[in-house]
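To keep things simple, chains are lettered A, B, C and D as they appear, and every chain counts its residues starting from 1.
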Amino acid sequence: MNPVDHSTGQHGRIDFAAVLGQVHEEVAPLVGQGKVASYIPRLADVPANRFGMAAATLDGRLFTIGDADERFSIQSISKVFTLTLALEALGGDLWKRVGREPSGSAFNSLVQLENEKGIPRNPLINAGAHVVADVILSSSRNARDDLLAFVRERADNPDIIMDAEVASSERDAGFRNTALANFIRSFGNLDNPVDRVLDFYFHQCALQMSCADLARAFVYLANRGHCQRSGKPVISAERAKRINALMLTCGTYDAAGEFAFRVGLPAKSGVGGGIVAIVPNVLTLAVWSPALDDKGNSLAGAAALERFSALTGLSIF
Amino acid sequence: MNPVDHSTGQHGRIDFAAVLGQVHEEVAPLVGQGKVASYIPRLADVPANRFGMAAATLDGRLFTIGDADERFSIQSISKVFTLTLALEALGGDLWKRVGREPSGSAFNSLVQLENEKGIPRNPLINAGAHVVADVILSSSRNARDDLLAFVRERADNPDIIMDAEVASSERDAGFRNTALANFIRSFGNLDNPVDRVLDFYFHQCALQMSCADLARAFVYLANRGHCQRSGKPVISAERAKRINALMLTCGTYDAAGEFAFRVGLPAKSGVGGGIVAIVPNVLTLAVWSPALDDKGNSLAGAAALERFSALTGLSIF
Amino acid sequence: MNPVDHSTGQHGRIDFAAVLGQVHEEVAPLVGQGKVASYIPRLADVPANRFGMAAATLDGRLFTIGDADERFSIQSISKVFTLTLALEALGGDLWKRVGREPSGSAFNSLVQLENEKGIPRNPLINAGAHVVADVILSSSRNARDDLLAFVRERADNPDIIMDAEVASSERDAGFRNTALANFIRSFGNLDNPVDRVLDFYFHQCALQMSCADLARAFVYLANRGHCQRSGKPVISAERAKRINALMLTCGTYDAAGEFAFRVGLPAKSGVGGGIVAIVPNVLTLAVWSPALDDKGNSLAGAAALERFSALTGLSIF
Amino acid sequence: MNPVDHSTGQHGRIDFAAVLGQVHEEVAPLVGQGKVASYIPRLADVPANRFGMAAATLDGRLFTIGDADERFSIQSISKVFTLTLALEALGGDLWKRVGREPSGSAFNSLVQLENEKGIPRNPLINAGAHVVADVILSSSRNARDDLLAFVRERADNPDIIMDAEVASSERDAGFRNTALANFIRSFGNLDNPVDRVLDFYFHQCALQMSCADLARAFVYLANRGHCQRSGKPVISAERAKRINALMLTCGTYDAAGEFAFRVGLPAKSGVGGGIVAIVPNVLTLAVWSPALDDKGNSLAGAAALERFSALTGLSIF
């Protein structure tokens, strides 16, 4: 298999099925290494030995391997969906309420929030996602249904659901998120009641999707904001580009620099063990393996993305 | 003028001369806005109304506009050259002594250094550049001459010099850098005497180069590590890609997220008002305008890069 | 009037009535300067021009001036009462859950709490008081009634109440305290439900007492832990001494060093404008004036304590 | 032996010789526990099993036990002497350049200095002592000689010296102090060259004194600012009181709260293993034992002061 010839841009030559197979083989020894998230039972119960991966190309092909059709809790990956909706709702004014810089510290840190007077560093950390959730609540009659409809449409799968038990468990264990949301509220940067914001937030995290669902759902970010099936814009090309930039600098907690260095692709991870990555103008990737490294990213998943990039030469750098 | 067609990768169609002309025109009202660095006389004396820009393509063409041939003090842009040399000298072991994460705070902050026990966040902040300088000093008989030779070769210009007066002024005003280097030394992360490290560091910052020089000199980072003229590798493709990733996440002080969001290109700025940016597989850009925004990046320079990206569609996202 | 002769310890010679009169006169121009706490209506409505002061000596005399019999919301002064109760309940084990160091930053900071893994710096900041409240809740069938009974007994005044409206307003506006308590809970350092802890905390802050009440109520801290009336121990002499030490180093938010420097007495302030101070072995002082300085301490109240110390020579230093 | 009767202030009854004997016996098992400072050879070479203690009363008596006449490096205890001199030189204007609040973090932290723009938290941490040294250098023709003369006069011992080898070793190992001083200079809060400030600072730390010397030298702080022998003022009673307040809140690094809680006396410690403590209007204490606890205070020394206070009832609280 030849890596892509960048001078011509002809990615069509790459045999993605073969690449996924090779990636799977190479990372197999890593699957199960790390630690499955254990703060709620539903996450803790997922077997550590799962691994799935999917790639969706702009010409409509889908490649999958392993447990790519098994649904898991997408958790923080949902922040990219809600950011998309909030940008559509509020436009550039969103940036008055949330920043665009890497956080440089743990994903749920209250420190920066205090120094920066309730303006979260970026929309992809928990604090920022609370503000994004608040924006959606203010602009939608039924925020939860609207989000679900958007995600189903993007993934072309009407069966996607939010797992009510996961949402409920998150709430019961969510002291840190409750602290965060109250703290933001104390600075006046939430308009809706803290309970409503948290309820929406815990439900978005409880979306259950497979790698195949996720790879399809994010094609608009690789496709300059357009739906691959209809050709119609989901968001503007400008916004798609900017969401990708945010994913690169802020999408993998405080390991974003390391991730950019190793993988070289915009990506967003979740504690459920999923990671999505975007190769602009080419394809999207979704990978899942529940055991996490010490930064909270899927250990085998990150390795799989790194290998995929190395084998194909696909990287934004 | 049509923006590039990414699906074919045929950037050759873009009339870069025309783009630079349009960018120049559009940012003209911004030139002189902001504040010229004033902590040393040689920088303070540079007229605020200068603006130059250069683009060097992988096929060997050079496009320039405005004061693109006027030399200025490249300051922190030099950190990319020294990082390249230190990586060649030490390989991956460099990452035991310096991190790869965005700093999330002001470029000369001692706070993170204290929290992280003398391991600077990344090689593109001052603290990290001190460690990089220390690595080069340990691996080279005459570090200053070796750096100069490397830069002259990259820029294909034997007349490039280090301005001794700038270096000397930096040293006299360099209390913060002296503090930083002593602090790192207190953690045992410098092998050479603090004075030697600082002397080398202040000399690297005192490199005088024009936009044309810089655009040419950095072509290897757009060209998968290879020299455009000789076709020979300067560094491996892997390292070139990783340096680009570091520039994107860490190259513009604590505005890296914002810069990625607005411009969407790996870049490195200096307080002399210069910024270089890389469009992998296509070209390099160098822009110079001395007046800085409140984050320490050239105000008109950043705007010029943003406009260039918007007009050509060239972006990594 | 002669200041006390320390070499003989004969404080009896001081004419405290005259001193209070002189203090009142001297600080009159300051009364109303500063800013009355405005985050809840009940506090905001208190006229800024109030000033009262009381001194209770170990030999049973009470001296008062101005509005010394007007009740106000004692707010954080209550933390000394609850600390006393928690120490009786848990003994030295309390110090496994809360520290004894000055906070060095704003009284409601979450930063140190994060760095120090949910162990509040000391029991006199909000976070520490939440832990103290939790201890009392775990050791008492009816914590609120027990606290009220204790305070009434100390002040020898059965009419003291908690203002339910103040407690309720605090709760509605208490996003920061809610954040704090959830944050502590996330580290496992609260045993009772967050809502119960906050309910008790807001009620303790809502105690309504006059300067006369407070001066009497705290005599045990000046009297080596003993009740002045009955001669019986309230707490051990050792604990009384240690509570005084905590008041000196931690009792006036992040102005404790300044307060020790200017006034030289263990003290605890509240945002209602009250301050109590202890002169060990001699007397207690309580002062009230609602307008606060920028550190959150009563501006005229702090000045009155400073003048009292200067006029009498009574200081621990 | 009866503890002092505070109601009469008649401390004369206490048999201080017997108390010191008992303290010595009680802390004997602790002597040598902890870790002798090892960053310079001269300190590292001091045997860990030394213990000495001295008490100097206001009526001119001196009580000693153990190695109370052996000289050691007083290190940070010298900061109280220089603070006294700087206050005499600059008066209240000193407080424009240095604060009066506990630092709340490690004694050589650069973090607060950065947050607070080069104004050290208090004069008893290293950064503050640099500013104090700078003030003395600006007001004295020969700062080192003037300090030595002052200390000899206070201790009534013309043989006290500064150990040049200690000063020189400190300088060679003093990367952290060099960092601090350069950092302060970068904010414009040093008037003299960094090298001069550090030279003076390292020499003040190198003062060699015994417990007997120190107990005598600090009597002015227990004696309302007056020399016990001549009866003349060294500083005003007001300043003596305020220096005591600073020692209580800031004198034992980031263990000041703990120290006040356990010992209840204004104190200043040094990494040489010495601690001085003040009982206002009664006496001074000096104790020495080289092995330090994890906060950098003499482990056996702190225990000795705690026992002394418990046995005599002498405490400011």
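Details
We take it that contacts are C-beta pairs under 8 Å (C-beta built on N, C-alpha and C of every residue); 3 or more make two chains touch, one makes a residue touch a chain.
Treat the numbers as computed from the prediction; the structure is a model and nothing was measured.
Contact with chain A and chain C alike is made by no chain in this entry.
Taking each chain's centre as the mean of its C-alpha atoms, the one that lies farthest from the centre of chain C is B.
Averaging Cα coordinates per chain places chain C and chain D 31 Å apart.
For this pair, chain A with chain D, the centres built from the Cα atoms lie 56 Å apart.
Of all residues in chain B, none touches two or more other chains.
Taken together, the chains touch in the following pairs: A-B, A-C, B-D, C-D. Note for the complex: chain C touches chain A at residues 109-111, 114, 175-176, 178-183, 185-186, 194.
Across the complex, chain A is touched by residues 6-10, 99-105, 112, 121-122, 240-242, 244-246, 248-250, 254-258, 260-261, 264, 266, 280-281, 315-317 of chain B.
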